[in-house]
Amino acid sequence: MSFQLIIDILIATVPLLVIFPSLFAFTTWMERKALARIQNRIGPNKIGVPCTRVSLFGLGQPAADGIKMIFKEDIVPRGADKLFHLLAPILALIPAMLILCFLPLEFPWGKFMSGKVQAFMLDSAVIFFFAITGLNTLAIFMAGWASRNKYSLLGGMRAVAQMVSYEIPLVLSAVIVVMMVGSLNAKEIADAQSGFNWFVFSPWGLAAFIVFFIAALAETNRSPFDLPEAESEIIAGYFTEYSGFKFALFFLGEYIAMFAISGLAVTLFLGAGDGPFVDAAPWMPAMWFIAKIFGLIAVMIWLRGTLPRLRVDQLMAFAWKFLLPLSIFNILLAGLSYFALDARVANTTDDVIHYVNSGNPFAGVPELGTNEALMGAMIYRGMAGEQNPMAAKKWFLKAALKGHPASRTLVAWWLGIWVLSLVALYVMAKGLNNLSRSTTKPREYLYAE
Amino acid sequence: MSTTAAPNYELLQQEGLETSLLEISMGPHHPSTHGVFRMDVKLDGETVVELKPVFGYLHRNHEKLAENMSYLSSMPFTDRLDYFNSMTNNWAYALAAEQLVEVEVPERAEYLRVIMAELTRLVNHVTLVGFFVNDLGALGTPLMYAFREREKILDLFEQASGARMMCNYFRFGGLRNDVPEGWLDRTRELVDRFPAFLDEYEQLLSENEIILSRTQGVGNLSRELAINAGITGPMLRASGVNYDLRKVDAYGIYDRFKFRVPYTDGDTGDCYDRFMIRMLEMRESVAILKQALADIPEGDIIGKVSKVFKPKPGETYGRIEGPKGELGFYLIADGTPKPYRYRVRPPSLINLTVLREMCLGGKIADAVVILGSIDIVLGEVDR
Amino acid sequence: MSELSHESLLKEFPEAQWDEAAGAVILPATNARTIAEWLLASGWDYCSNVTGVDYLEREVKEKITNDAGETETVTRTEPGRIDVVYHLYSIANKTGPLVIKQRTGREGATAESLTPVWRSCDLQEREVYDLFGVNFKGHPDQRRILMWDEFEGHPMRRDYTEPFDYEWEPTPHAEILEKHQRGKVII
Amino acid sequence: MSILGGGIFKGMAVTLRNFVGSYFYKERLITNDYDWRPEDKLPQSIGEYPKEEGEQLRDTTTVNHYSRNFPMLLHDGGEPMDTVRCVACQICERECPPQCIYIEKSEDKTERSDNKAQFYPAKFDIDVSVCMSCQICVEVCPFDAIVMNSQFELSTPDRFGGLLVRRDDLLKSNDYYHKIHPQEAATRDQKMVADKAAKEAKKKAAAEKAKAAAEVKAKAAAEAKAKEEGE
């Protein structure tokens, strides 16, 4: 391994270790403040700059909490397995931090290689991501078991069942993106979405994103799937017996996992570092990436402030009877319609090329939008540099807007397939919902005068 | 009808594999047992196979205390029975004591009593629904909205009686003092705004898919068992019995108001019914409040009662429709200024009779929800 | 269905007594359960309140007319007793209350449990057992309910004396309490 | 047929509305900021809480006529023990539900400035940790001597001495009472004046009656004498 590579990796990793834990502190503040406002309270508002009366909307609260956590007594129950009780929070944090390295988050301060650094370039990043996420389950079960507390044990059991179940829809919805891009490399997936070709903007991508987001909520034990730490039933679940700094580590691990899984959602569906003015400055992609992560976390907080919790059997039923069939159906639908659409594009390309070959497009009256259509065809065929079907479709859309007949047919097909896919997905979801959930509906009541 | 036997549960015994039931003592310090209530639960995985309620952690022998002091001195202690609804507790006690001496309550006092009782009902139901959804796992958002509205009502209570929760406002033969100037206007304003809040509350809760699937079909209670087990209040009406003491006894001046009693057809009697009955009852309370605030006359606030309350020997049982159910006071007077026997019929305790039956076979999460839908306050359960 | 009043009960079961002063029917000790079942069948479907009342042994002065036609005051000792009081209502007919009482001595107090008839008596009879020490024959689950299992004595009995307060700790309030106990403040 | 997840979206709309609303509407965000910093002066009673011009505070912060927290003994101004209304009749002590009042009656009567010889409380202690602010003592007092204070900052670092409030700390002037509960104090004073007037009227009437009776008696006696003399 060369010296430069080590330096580059360090340069890319150290920011992860600095940025995300400090973002964690900010997120706890944000969550408390947002939840407070949702509940019509004020939230933390006293602690700001120390020794002054500047409160900065309570932004000093996380720091105060952290100091308190460090100095609190560490209580280990008498019957607990002390070694595993200690290891569990560490083990919960490490995989979460590791996952962050696979995000296609480029920092602009690399010197030796290309000017931009990413912590880890791995051709099988997505696979690796899911593999390491699975480790979290182990830590949680370890915590539940080692605490020697019945509530902890119940929480640990719930966590294992829940995480194993929800990993399947999570992976299956990611498969769609992998199918489309044809690569497991996070960087390539990110690049494939540049120029607003985000996968969330297609019906199957949207469905996959929703499934992915729901499963991600369950993976990170967020409301309404926070059963392993269900306060009203099993007190605090697996971390009932944790206090002080160990508790803080668990907390940190949970939030880092939230960042990581939101980061993956952003990578897979929301165009990674893509966004308006992305070329304006070298740090824009990273900013966009983190902003999108925060957007997703805001939705998580919003959901947490609104929804009650599912029951264990309903949770399982939701994963196996609703999300799993839906995501399998989605994969089929995506494959079919993607290839149908692709065939149609190929067909149109043939038409355009044929038209160009048969006559002289630049003499006489050219058909409207022929230039754009030709451009699309050339891109599709790979004649204008890189071969990129998405970019080709964009040119065909432009052609269709100008009135190119073959492109218009293509766009009509395109729209038709999209609408049909959306309808099919909705009908499927509705049907699955009716099947898996017993008929629960609002009722009518009687009145006595 | 006797207590149903525990389900015949056979342990799964396999060679080299031995499983046992998980015994959990939920409470007395558990976040959602609504105080120091305890349930000894046996779990098969997550399923409840045995549940034993344990009472008494807040027992202070309220009845014995009351038997050792004058009639008036127990009035502030009744506040502490069901500390959410001190006004209705006061009323039930005052009603029973007034039956002993047959005193005339002035018109204005009767109206104010109705207003206070219905405001109390709003407070109780609105917070109950909040706590109930909290037990379902919401992060306290509905509870905070409920507290927000409760706060406004408690402000009114404070202005009238001097205290927010321990009101100690009713006296034998009337009320302690008249409400301050402008109080009725403020109450009118609150009552006018309340339906808007209820709309928002219903929009938040009553169609939510998660709440529907968590509560429907959970904790079913049949009509026959409900009557036989002495279940009262909204819980009884949710099981399909049209029985409201405000209509049946028409105590106070409830016969003057036009209001409806919501109840179900008795098919299910589950947690969702109990939850919705309370939501609907609040609207009826608002209707009563509007009428009472429109009709309230001027006049005296307390009838002619001698300063030393010394009823003739006799016994009486006074009961009212408290927000949680039938709250009764059984008094035996022996001619001295102290009651010879003073008994509280606590609706919270008696509604817990069927807790075990409703919980068996459900999940542990259901047990919490069912307990939440019963609506107990430990001050009243343990007395 | 017979009329819902105490008269029909007294007609059906002549051994039951009507206590005018209390407005209650006193059930005979032998067949309280039978009467309760009859009551349930005849429409008293809801037992609202169950409680005990403890009467100490006391001396009663009575004016009676003797054979010679003169009035004289006689002192008579009334034995102590515990009444178990039930308040019955009818939800179907919306009437009530009918008060029935079971009467038992203070020593070895026993009464018929009416829990098999009305489930609502379950916890309340347990409470009477706990606080008054009345044994209910036929109660499915008779345990202490409010006091802990190891507790001795029955605190609602009128001759109950509190044990030494082992949780006592000095407070400024001790002086005040002591005065109240010493004086047994008379109202 | 409802749309999939419609109830959840409705709920989310409500929470969003509340999130935004809490920044704009006072009726949504009703929390009052209680400044906990010790250097800030605490309000002595709810009634004295300053209400700024045009500030939409909740109603609790305005004068609350019936607020009650802890009893105080009233005197009519001047040297407290000279004009204290309490005559140590001990009714409040007996009626107090949690039994937190401790009174020792004076052995002798004192000559007070209003030339009345009166018993007075030699000791009058109330235990803060036990008092439940029920106001029963105020209601049973026949002399309007004990009323409720609205001061609520009663915590103390001294568990034994500090929680037992002595007579001299309980004594407050009638002016102070007028300040914290103006309406109640006024009615109470009116009642006292009326009672006094009634008492005096009664006394006067009784005196007049006695005088008249004496006159009648004297007249009768005179008549009888005259009769006797006539006979």
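By letter and in written order, the chains are A, B, C and D; residue numbering begins at 1 in each of them.
In this text, a contact is a pair of C-beta atoms (placed from the backbone, for glycine too) under 8 Å apart; a residue touches a chain by one contact, two chains touch by 3 or more.
Treat the numbers as computed from the prediction; the structure is a model and nothing was measured.
Put simply, the chain farthest from chain D by mean CA position is A.
Chain pair with the highest count of contacting C-beta pairs: A-B.
Each chain gets a centre from its C-alpha atoms; the one nearest the centre of all protein C-alpha atoms is B. Look at where the CA atoms of chain A average out and do the same for chain B: the two points lie 46 Å apart. Taking the mean of the C-alpha atoms as each chain's centre, chain A and chain D sit 64 Å apart. For this pair, chain C with chain D, the centres built from the Cα atoms lie 41 Å apart. Separation between the centroids of chain B and chain C, computed from CA atoms only, is 26 Å. Counting partner chains per residue, chain A has residues 38-41, 305-307, 441 touching two or more of them. Multi-chain contact residues of chain C, defined as those touching 2 or more other chains: 187. For chain D, the set of residues that touch two or more other chains comprises 2, 8, 11, 14-15, 18, 28, 30, 95. By the touch criterion stated above, chain B contacts chain A in their complex at residues 22-24, 30-32, 43, 46, 133-141, 144-145, 148, 204, 206-214, 216-217, 242, 244, 247, 260-265, 272-273, 276-277, 280, 363-366, 368. Taken together, the chain A residues at the contact with chain D in this complex read 34, 37-42, 45-46, 53, 302-303, 305-307, 426, 429-430, 433, 441.
The touching residues of chain B, when paired with chain C in their complex, are 1-3, 55-56, 59, 61, 63-64, 69-70, 225, 227-232, 241, 243, 248, 313-315, 317, 319, 326, 328, 330, 332, 337-338, 340-341, 343, 345, 349-350, 352-354, 382-383.
The residues of chain C lying in touch with chain B in their complex are 21-24, 45-49, 51, 53, 85, 87, 91, 94, 97, 99, 115-116, 118-124, 131, 140-141, 144-148, 155-156, 187. Note for the complex: chain D touches chain B at residues 2, 5-8, 10-11, 13-15, 17-18, 27-28, 30, 58-60, 64-68, 95-97, 132-136, 139-140, 148, 183.
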